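Given below, in the form of structure tokens, are the structures.
Paired with subunit B in one complex and with subunit C in the other, subunit A is shared by the two complexes that follow.
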Partner chain A sequence: MRILSVDTSGRFDAVGLIDGHLVLEDFVAEAEGNSLEDIILNVDRVLTSSGLTIADVDGLAVGIGPGFWTGARVGITVGKILAYVTNKPLCGISSLDALAYQARDVRILLCPLVEAGRGNVYGGLYRSEGETVAKEGEYSAGPIKGLLEKIREPVLFLGEAMELHRQTISEELGPLASFRDSGGGRRGSAMALLALSRFERGESDDALSLVPLYLKEPLAQALLAQERKRQAQ
Partner chain B sequence: MEKRSFLTGSPSATQDLGKRIGEKLGPGSVVALIGELGSGKTCFTKGLCAGLGIPKRHVTSPSFAFVNEYQGGLPVLHLDLYRIEGVDMALELGVLDLLRQAESGVAIIEWADRISALLSDSYLAVNFSVLSARRREIVLSAFGEQFRRLLGELDGDENTIR
Partner chain C sequence: MILGIETSCDETAAALVADGTILSNVVASQMDLHARFGGIVPEIAARKHVEAIGYVIKEAIDSAGKELADVEAVAVTSKYGLVGSLLVGVAAAKSLAYTAKIPLVGIHHIEGHIFANILSNPELPMPHVCLTVSGGHSMLVYVKGLCQYEVMGNTLDDAGGEAFDKVAKFLGLGFPGGPVIDRLSAQGDRAAFNFPRPLRRSNTVDFSFSGLKTAVVNTFKGRDRATLPLADIAASFQEAVVDHLVSKTLQAASRKDVSAIGVTGGVAMNRRLREVFAEMGPREGYQVFFTRPDLCGDNAAMVAAAGIARLTYGEAAGLDLGVVAHAPLESVR
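Now for the complex of A and B:
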């Protein structure tokens, strides 16, 4: 099964292409300025360099965030359009799930982090389980310190927001914290592989109703709490 | 926080004040405009944009479009949040994304008091009060060092309050 993935919800735009468990392409480019306009060009580039066309793809994966809201919406829209025109199934994949999945070979607690703006992060806690990862508890959105309070064991931090908070993490967790050099961060193939396992279980998302993973309520609460603190100063 | 207050006697004087400030704005500037309908926010914005090298006729109120983009010496995002009712709604519209996009240019935000929770610690707040049909009091408040410096560099015969 060939799966094409598109993720524009983060600091890097990613397009991935797999054929079964074989990774054919992993395109990553820093998201800047109007780079969202290149999304179709990037898809085309990835297909062309594998000698394929969109008609050769059997399923689509799309990054639903959490992350940048506009980017997630554009990416999802493109995913939906491609799913409609090719009449192929679509799977929405969380950016945090995909980041954790990229470290599925690591046997300690995994904590992917994605920027949420104004110093806040989106995060989740995962453990590797066989060939994949399982999430523990819910996704969170808020100050990094709130997330760190939940951690009392060795943990590997992942994702592009990790660098922004490295100092705070080290101060709070000391030797418990380790960091995986993100080296460009997310890989589209991770999203495609996660979608593959869902497709193999007979699952997919409804292309009409699929929406980004916003985590709006916790983020709004965190921003309002920050504002109250600022006003009190 | 440092404040300076200016009195303007006509829309063109309000625009001139905007222009003098616009000329001093660098990359990453955020200007938060606060005041009732008709208090001079869009007029002031035309001035800011003129100072940034954007022709006045390109600058219109984005009350319905929500955001306009202009290209001057720097890219400028002009937001109008009149219809935004709270942080939830602003997040949904992608205001944080727009502010991030504007980090390499200038963001001018009308009705910024509706999203103060989304602003960083560095911005210039501009409060408009209507004194009469033509007269306005315009109070500039600097948050962060970049804008404290800018206020210090502004000259003029205004009243200065601290």
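Now for the complex of A and C:
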């Protein structure tokens, strides 16, 4: 099964292409602007360098964040329209799942982090399990300290937001914490491989209704709710 | 047959147009969602576009009884609007153009409104002067020919529709303000209050609405809303806006050798605006052409129509098409 993946939810734009478990392409480039201008050119570059066209792809994977929502919306829209036009199945893949999956060979607790703005992070806790990783508990969104309070064992931090919070992490966890920065890494193929395992289990997402993995409501909505609560009191 | 896509503000829209005929015109409005905030919230608009875009495109094709394979080109609003909203439409359009191997063309939102007028009135002569006014813009354009423009006037502050929104908000009438003020004005006295006519002595054909809005607010600030003559205020305010729009448009038309005026955009739905134009236009020697009501608000049929014209001139976009929030209205190259 050939799977094309597209992710524009992070600091790096990624396009991956796999054929079964064989990684054909793992394109990564620093994101320019809102990723809109380059996204189709990158997809075409990856397909062309493997001598393929979009018609040769059997399934699609797309990054749904958490991360930069503007970029995520570009990628998801591209994913859903490619799936609609080609009538191929689509899987939305979490950026945190993909980051953890890239460290599936590591046997300690994994903690991928993604920037959430205003000093906050999106994060999750994972453990390797056979050839893949399993998430423990829910995704978290908020100050890094909230996430660190749950950790009492050796842990490997991953992802773009790790550097921003390295000092806090070291202060809170001391020798328990280790770090691996993979940059854009192999995010494209990681997403495609995660999608492959979902397709093999007979799962996929509905392309037309797929949306980003928002872990927070829009700020305006939150402020309105606060205001209503204040008025009610 | 061309597919149009429009997501520049808070409406997710797609339409199929062939040979000047609208085969489908689908608009998913988010108005109810934004109403409780008293205006458009960009983050919410962008979220809703992603949710709706696939369904809206599919509905535009299905409801016309067509197949994706029948679509020969795709036109999308890529300029003028909220960036987070615009880029959802453009991402969808370029994905479609790439996979279906069909031409892509980017359209300026205001050019779309000009084409809504052309689409509504096949007999509309060229050249003409077009007034286009909505919640996001107010502009006077000399339309020399298809896709040939000279911008004559622009708003110096708020858009015309925005003035309706702000006054409606001040009067506690809800959002959007245009339709509610139009309705309420029918029961009011438009001469009850003499609000200022902006830029009356100015030689330019620009617009200004913020002073007028402030005049309304200052006149009634601090008064108990229950005691306000809301219908009279609405009617008098609306009269000032209409007077401003009509007089500047006639002034613009008099500077060009034209016999026709086009009136388009969301505010073109206003009944008093249509009434005054229908009376004043012919008196001054102009035939006035209104956009049909279902094409006044943001829609994608107008984008498709503009796309057909641009493609006829051989203008197509590359797959690197981006979005621009504030772009000038440009003639075809």
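Basically, the second predicted complex is superposed on the first by the 210 of 233 C-alpha atoms of A that agree within 3 Å, B and C clash if a C-alpha of one lies under 4 Å from a C-alpha of the other, contacts with A are read in each partner's own complex, and residues count from 1 in each chain.
By definition in this document, a residue touches a chain if its C-beta (ideal position, glycine included) is under 8 Å from a C-beta of that chain, and two chains touch if they have at least 3 such contacts.
In this text the structure is predicted, and so the values were computed from the model without any measurement.
**Q** Figure out whether A:R118 sits in contact with subunit B (first) or subunit C (second), or with both, or with neither.
**A** Once the two structures are laid over each other on A, A:R118 reaches subunit B alone.
**Q** Quick check on the superposed pair: does A:E129 touch subunit B, subunit C, both, or neither? Answer first, second, both or neither.
**A** In the superposed model, A:E129 contacts neither subunit B nor subunit C.
**Q** Have a look at where A:W69 lands relative to subunit B and subunit C in the superposition and call it first, second, both or neither.
**A** both
**Q** On subunit A, which partner's contacts cover more residues, subunit B's or subunit C's?
**A** C
**Q** In the overlaid three-chain picture, which partner chain does A:A220 touch, first (subunit B) or second (subunit C), both, or neither?
**A** both
**Q** Can A:P212 be said to touch subunit B (first), subunit C (second), both, or neither?
**A** In the superposition, A:P212 contacts subunit C only.
**Q** Quick one: is A:E37 in contact with subunit B, with subunit C, with both, or with neither? Answer first, second, both or neither.
**A** second
**Q** Considering only the touch criterion stated at the top, classify A:Y84 as touching first (subunit B), second (subunit C), both, or neither.
**A** Touch status of A:Y84: second partner only.
**Q** Considering each complex separately, which residues of subunit A are in contact with subunit B in the first and with subunit C in the second?
**A** Dual-contact residues (subunit A): 33, 69-70, 73, 214, 219-220, 224.
**Q** Residue numbers of subunit A touching subunit C in their complex, please.
**A** Answer in residue numbers: 33-34, 36-41, 43-44, 54, 69-70, 73-74, 76-78, 80-82, 84-86, 207-209, 211-212, 214, 218-221, 224.
**Q** If we count contacts the way the header does, which residues on subunit B are in touch with subunit A in the complex?
**A** By the definition above, subunit B touches subunit A via 86-88, 91-92, 94, 96-101, 104, 116-118, 120-121.
**Q** Taking the touch rule as given, give the residues of subunit A at its contact with subunit B in the complex, in rising order.
**A** Where subunit A meets subunit B, its residues are 33, 68-71, 73, 117-118, 214, 216-217, 219-220, 223-224, 226-227, 230.
**Q** Across the complex, what residues on subunit C touch subunit A?
**A** Against subunit A, subunit C makes touches at 36-37, 41, 43-44, 46-47, 49-51, 53-55, 57-58, 68, 83-84, 87-88, 90-92, 94-96, 98-100, 319-323.
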